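Below, each structure is written out as structure tokens.
Below are two complexes that have subunit A in common, paired first with subunit B and then with subunit C.
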Partner chain A sequence: MVPVTLAKSLVEICGRDGVILDEERLLVYESDALTAYRHRPGAVVLPRSTDQVQGAVRAIAEHGLPIVPRGAGTGLSGGAVALDGAVVIGTARMNRILDIDAPNRRAVLQPGVINAELSVAAGAHGLYYAPDPSSQTACTIGGNVAENSGGPHCLKYGVTSRYVTGLAVVLADGSMVRLGGQGRESPGYDLVGLFVGSEGCFGIATEIEVGLLPVPEGVCTLLGIFDRIDDAGQAVSDIVGAGLLPAALEIIDGPTIRAVEDSVFAAGYPIDAEAALVIEFDGMEAGLEHDAERAAALCALAGAREVRTARDEDERMALWKGRKKAFGAMGRIAPDLLVQDATVPRTTLPSILRGISDIGQRYDLVVANVFHAGDGNLHPNILFDRRDEHELERVERASKEIMQLCVDSGGTITGEHGVGLDKKHHMDLIYGPDELDAMWQVRRVFDPGGVMNPGKVLPEDTGPAEGAGLPEGIGGD
Partner chain B sequence: MIDAGVARAGDAEGPAVVYPASVEEAAEVIRAANRTGTRLIPAGLGSWLGAGGWTGPADVIVSCERLNAVQHYEPADLTMTAGAGLGMAELDDVLRPNGQWLPVDAPGVGAGTVGGMVACGVSGALQGRYGAVRDNVLGVDVVTGAGRVLRIGGRVVKNVAGYDLVRLFTGSRGSLGIITSVSVRLFPRPEADVTLCYGGGTTEIVALARTMCTSPLPIAAVEVEAGGENGETVMVRLLGSVGEVEEVLSRLVDSVGPKPRAIVRGDESAALHRDRGAWEEGSALVVRLAALPDRLADTFGRGAALAGALGGEIAADAMSGVVRVKASPDAGRDGDVVRELSRAREEMEAAGGTMTLSQARGEVAARVGWTGGRGSDGGLGTRIKELFDPASILAARCP
Partner chain C sequence: MSTPAHALASAVRKQEQGLLNCVHCGFCLPACPTYRRLGDEADSPRGRLYLMQAVVEGRLDPGAEAFQTHIGRCLGCRACEPVCPSGVEYGHLLELARQVGGNARRPPFLARMLLRVFGTAWLARPAMFAGRAMRATGLPTLLTRILAGRRPPKGARLAVAMLAASAPPPPLPGRTEGRPATVPQRETGDKPTVGVLAGCVQAGLFGRVNQATVRVLQANGYRVVSVPNQGCCGALHAHGGDLETARSLARRNLEAFEAAGVDFVAMNASGCGAAMADYGSLLADDEELAPRARALAGKIRDISQLLAERGPVPGGTVPLKVTYDAPCHLLHAQGVAEPPARVLDSIPGLEVVPLPGAAECCGGAGIYGLTNPRLGGWIGSDKVQSVLGTGAAALITGNPGCMMQIGAGLALTGAGIPVLHLVELLDESYRRGGLYGEVDR
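What follows is the complex of A and B.
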């Protein structure tokens, strides 16, 4: 519970229906899509405008409480979880598309706009918004900005940061800054780029300018079926290495295929296969067939048992179905799911996939992989039951080993889901104390008091706060 | 070798140049500078050291020329890690045999180093198709102005672990630290490269450029030139598979705009654009006007007026709405030049755009200001500069 005086001011600022104090209704906000972390917020505020966000931030700060920005809560790293009775500022009611500026191929949005809705609105102008997280019918653009989200089609088109050209941000002291905007050119440091991926720790994005792309004329989708997952990994590596630039390259492994085929989402993938590879090309009709033929040939060469080609939109949707419904299907076969998100150099995919499978076996865990193979961005899903304490411990150990394996191959611990609460204790796998300290200090430039989403991304700052001080050995003289 | 004279015009001796051969040596230089209050300028080959301008004269230039090794290149990963001092031309020599490239066509970029490219963070006309420089830098190693060695980002194409400090160093123009190594994302070299050239009067070519920019066809870049030897020209570049490029070409010729004056293919097309990279060479004054792309006619008009007054030429990247103006060293008396530039700045800003100086004589730059209105970042940029360069030993200011 938050102090009554705070509750009162929040109601004054955002209206009675814009403040949630009721314990039961607060439960809805206790976690994001990674349900392993649950903490009930002190209150939830749902402002409608930048002004209201500023007012709410000031009121909360006056009471010395931390603030957690929240979009749709589909995050997979615990980023929107409110620790220590923090107040959640949710963007659900800031969901207006402010402008679709077709001649300049850009849009200006409130942060609570749902990703897929932007593409629908832009579609009227022959445009669309390229980053397409698999959660796109639910997640918000504000959440995408905070996580620097990717999606299946980011292989060809790049991730969120490539498309964000301007931001209005409310900082921890309630002030508002405008970064970038009006297209790509703006003098000074790339503060827009720095903010993207800051996981709610730098401030609350209240207005977002993004670039749009023209809808490609044609799309061609293939599905390669493999008896060995290594071979599918090899096909990915070969396709990328051959100079083809598919829009998407996604792998669904055997356990996932079986989960999907056992569920209401059955997509017609052969259940004895060990991997399915979705390959999609887009662009001018004229070039597509040639690219598709080359990709199919490379799949065959890598050992594909079969390559299917979609002839029309219905067939295309069918080929994608197994990929898109994978998470939903897995959710049905195990009570809990831990999704990893490491990225590795693409050429290491075959050996990494084997390594992950070995780790799973060693810890007696079911690991199902469904992932953005073209980018080398893995999603090993560990299926488990949280009530079994021993299993939970094995899950934690296995997941750390998987991360270590990926880092050792030249990769990183998270490609798109963010660090949040989940991976902050693994940040030291890739960064040393100096890098972590630099990140702490940059965070303090935006939020000196540590009000915005504290306890996320960075492991606790153990060293003495050095401010802008110099490292040892400097000074004097 | 760096021409030390460029850094302190008028001073016969000029600053000293040091050439660290390792990250440790670079860090040593920075630490020594902190101890002695020496002002440094990090540099590549010094091919465009004037870019952005700096607050005061420097004592020492730190050249990254010797940090030029290819550290990691696995072609099938489409990524590369190299020392900051690797020349862009040498980089291309390594990539070409593997059918790959780094599609950065920022002005003059081919003459410099990968570190300089990242430090300047400027993108050219291909950014619409391939992303800006900042979108393709995966990681950097830097020595900050405080003497800390940071290895940030990585060499994989997707990475959201921690705050994106790579973005901060990209475009920092030597003001936060020395970039010692860079990891970039590469692309397959397109099978086909075709440029369509159109002529016409200014109004026509600007309108044609806009038509091209708003076409749903996959066009890689649209550039406009005026005031030079070739008169007014629009260049429309197509890159991709042979099938796709030929299809777009025939549709453009059949149904969009007038007949092109010339169609340039393959190596010739590539060479045309490569040569244009040196467009600014020898200019004492280079100005960059930018506004939303649909304001191209106004921005171009503004640029043309400036070029007219200074006896210069203009080139535009129509897809980004950027117009560049270059003028010869004898562009006029400082007072007149300053007046013209200040007016251009005022008009651009009034229309929501920007006017920045890429290259200018110190006197002129001091009076006009390199970047103009600092926007409303609430002092964040300045605090970031203080954070990484607390003793202000890096001569470059926050750009």
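What follows is the complex of A and C.
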């Protein structure tokens, strides 16, 4: 519950229907798509404009309460969960595409625009927005900016940070700053690059300028079927090693195949296979087929049972649908899942996959893998039922071991889902105290008071000592 | 007889398995018409499931404002089901949640009264007669014309306009005057036997659609038999959480259609079709009736499915530009997407233009216009704007609720675009094509 005076000002700013104060209505904002963490916010504000965001931030800051920005709540690291009665600022109502500047291949959007809907709108001009997280039909661009989201096609096209060229950001004191804008390069330091991936700790982006790409002339999608997941991992390593540049290279393992095939998004993957490898090439028509043939040959060499080519757009879409909805389809196996997001060097994929499978067996847990193999970005999904406390404990231990395994082989703890709440305590696996301290200092530049999304990303016990001369905020009206 | 407390406990137990499938991925959010407009996650399928889960866990009282408001605000369009990777049976859970909510707090008087009327033949008949009599005076049409162009339709104005919208459409271009001659039934053994659900609203206000249904079925080689003692399908009761009444109505229809010995039951109201196709689940707890209910549910076909299976046979030319709005309970609840398009494609001279947002609910949603007039009106006017944007001269759909909701909305804009049931249009094509024999002039 927030103080009455704050409730009153929020209602004045965002209207009666723009503020949620009722304890019971706030229940639904307890968690994002990672349900292991549940914390009820003090209030939820649903502003419609940058002005309203500024007003709300000022009012909340005056009352000394923390602020958590939230898009569609599809995040997988607990980043949009409100700790300590924080006030959630949701961007769902800021969902307008403000401008599509087709000749300059640029769009300006409000943060609540849904990723896939931007591509639909841009499609009228023969353009699209490249980063395609698996949740793209639901997740928002604002959330993508916060998490620096990736997606299957980021293997070739790069992640969100490559496409965001300008931002209007409301800072922790309610001031608004414009970073970058009007194209790719702005002189001076790359503050846009700094902001993208800041996980709601630096401010709230209320206007986002992104670059668009022309829709590729041709697309060719292959499906390799493997009896052993290691072989699929080897094929990935071989395809990239041979100098091919697929737009996407995705592995879906046996348990995931069976969950997907059981769902409404059945893509026709054989249910007795232990791995399916989706390979996609795009670009100019000329040369596509040649690349696809080489990739198919490499799959066969690595031990593929069969390699299929999607014959038409419908088959291609079905194939992708199976991959993109895999996460949700896990609900058919178990009620809860913990999705990991570790990234490892590509060449270590076969041994890591074996290691993960061993850990799963040791803890008697089902681990389903569906991941961006080309980037070495693993998504082991540990399936469980949170009502079983003993199982929950095994899940936590297995999760930590998997992460340690990836780090030991030269990998890192997150590829695209962000650190959030879930991986904050694993940051010291990757960084030493000096590096964490440097990150704290950057964070304090944007948010000297620690108002924005506190308790996320950086472990508290690594922070700089109190009163260690914090730099001035970069804000200003 | 089950007490509310008992009903609550059993509903909760039933919900448990279904709810747990939800992994909170959020893929349903953009599919939900109420979330899209309100932006509050409590008005999304995932949010509503979370509230149901909270009731199951004992963290939320089903009488609480939060539960009542957000469960009550759901259209029940089930657009969330086809996009759910985990296959959560949202529609079933919503009905149970409404039952639990209704036990905790009585639904509004008007809603209870309407359901009572629909579910009780001796009340429904005079009510529908009164409706027809009122409609025949031409007063509703006149009033609608006067009210056109003013504030968004709601309350009494919407009711008047909906009644006016249930009236037969004006003559279509190219139409020759006359009424179709009755077709003698040719009794042959190998024709599939079909019974038609007459329905309550459909029989009361859209008798012409029922008659057209019989004619187009016969023209496509089906033997249509009459099914006495049938009644309301119980869809509105189930959606409102009155599952007991829905079950007793289902039992009556089960017996009626079994006695008629039909191969298929043809549905021309997709809300009723979805409900009857679900009789197996509705009566699952009744050991004796459950297998029979499942068997009947397996015979339920939307009229468009039966027609598409036979081609359908082509009729005469209807030179008209139309657009098609997919009823939610046909597209989302029953997954019937192609057959209506095939029927439309079979009509010579017809130009079909796509309707942007055709898959989204029109806001009719049973008695939603009464329970949530403001939001229903908002969703409805978006649909109307979309229809106007296509430049179509008529809107085609397949459910009486949608016909009245969109028809009322269109009439109130003064645009003069009629709403027709798919079979009305096909029937007209057949009449022109001489499929019914000589036209009596």
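Definition applied: the second predicted complex is superposed on the first by the 457 of 477 C-alpha atoms of A that agree within 3 Å, B and C clash if a C-alpha of one lies under 4 Å from a C-alpha of the other, contacts with A are read in each partner's own complex, and residues count from 1 in each chain.
Just so it is clear, a residue touches a chain if its C-beta (ideal position, glycine included) is under 8 Å from a C-beta of that chain, and two chains touch if they have at least 3 such contacts.
The shown structure was predicted, so the numbers you read here are calculated from the model rather than taken from an experiment.
Taken together in the superposed arrangement on subunit A, subunit B and subunit C fit without clashing.
By the touch criterion defined above, A:P103 reaches subunit B but does not reach subunit C. Looking at the shared chain after the overlay, A:G287 reaches subunit B, while subunit C stays out of its contact range. An angle of 130 degrees, to the nearest 10, separates subunit B from subunit C at the C-alpha centre of subunit A in the overlay. The partner of subunit A that touches more of its residues, comparing subunit B with subunit C, is B. Residue contacts after overlaying the shared chain place A:S161 against subunit B, while subunit C stays out of touching range. In the superposed model, A:G73 lies in contact with subunit C only, and not with subunit B. In the superposed model, A:F327 lies in contact with subunit C only, and not with subunit B. After overlaying the two complexes on the shared chain, residue contacts for A:L46 are found with subunit C alone; subunit B is out of touch. For the overlaid pair of complexes, the smallest distance between C-alpha atoms of subunit B and those of subunit C rounds to 21 Å.
Once the two complexes are overlaid on chain A, none of the subunit A residues touched by subunit B in the first is touched by subunit C in the second. Chain contact summary for the complex, subunit A toward subunit B: residues 101, 103-106, 126, 147-148, 150, 154, 158-159, 161-162, 171, 175, 177-179, 182-191, 193-194, 196-198, 201-202, 214-217, 237-238, 240-241, 243-245, 283-287, 289-291, 343-347, 372, 375-377, 410-419, 423, 427, 430-432, 434-436, 438-439, 441-443, 445-446, 457-458, 468-471, 473-477. The residues of subunit A lying in touch with subunit C in their complex are 17, 20, 22, 24-25, 27-33, 35, 44, 46, 72-74, 90, 92-93, 95, 112, 114, 117, 135, 137-139, 260, 262-265, 325-332, 335-337, 385. Residues 20-30, 35, 38-42, 44, 46-47, 50-51, 54, 59-60, 64-67, 69-70, 82-88 of subunit C are the ones touching subunit A in the complex. The touching residues of subunit B, when paired with subunit A in their complex, are 31, 34-36, 74-79, 99-100, 121, 123, 127, 131-132, 134-135, 144, 146-152, 154-165, 167-168, 170-172, 187-189, 191, 214-218, 240-248, 288, 290-294, 320-322, 352-354, 356, 370-372, 374-378, 380-381, 383-384, 386-388, 390-391, 398-399.
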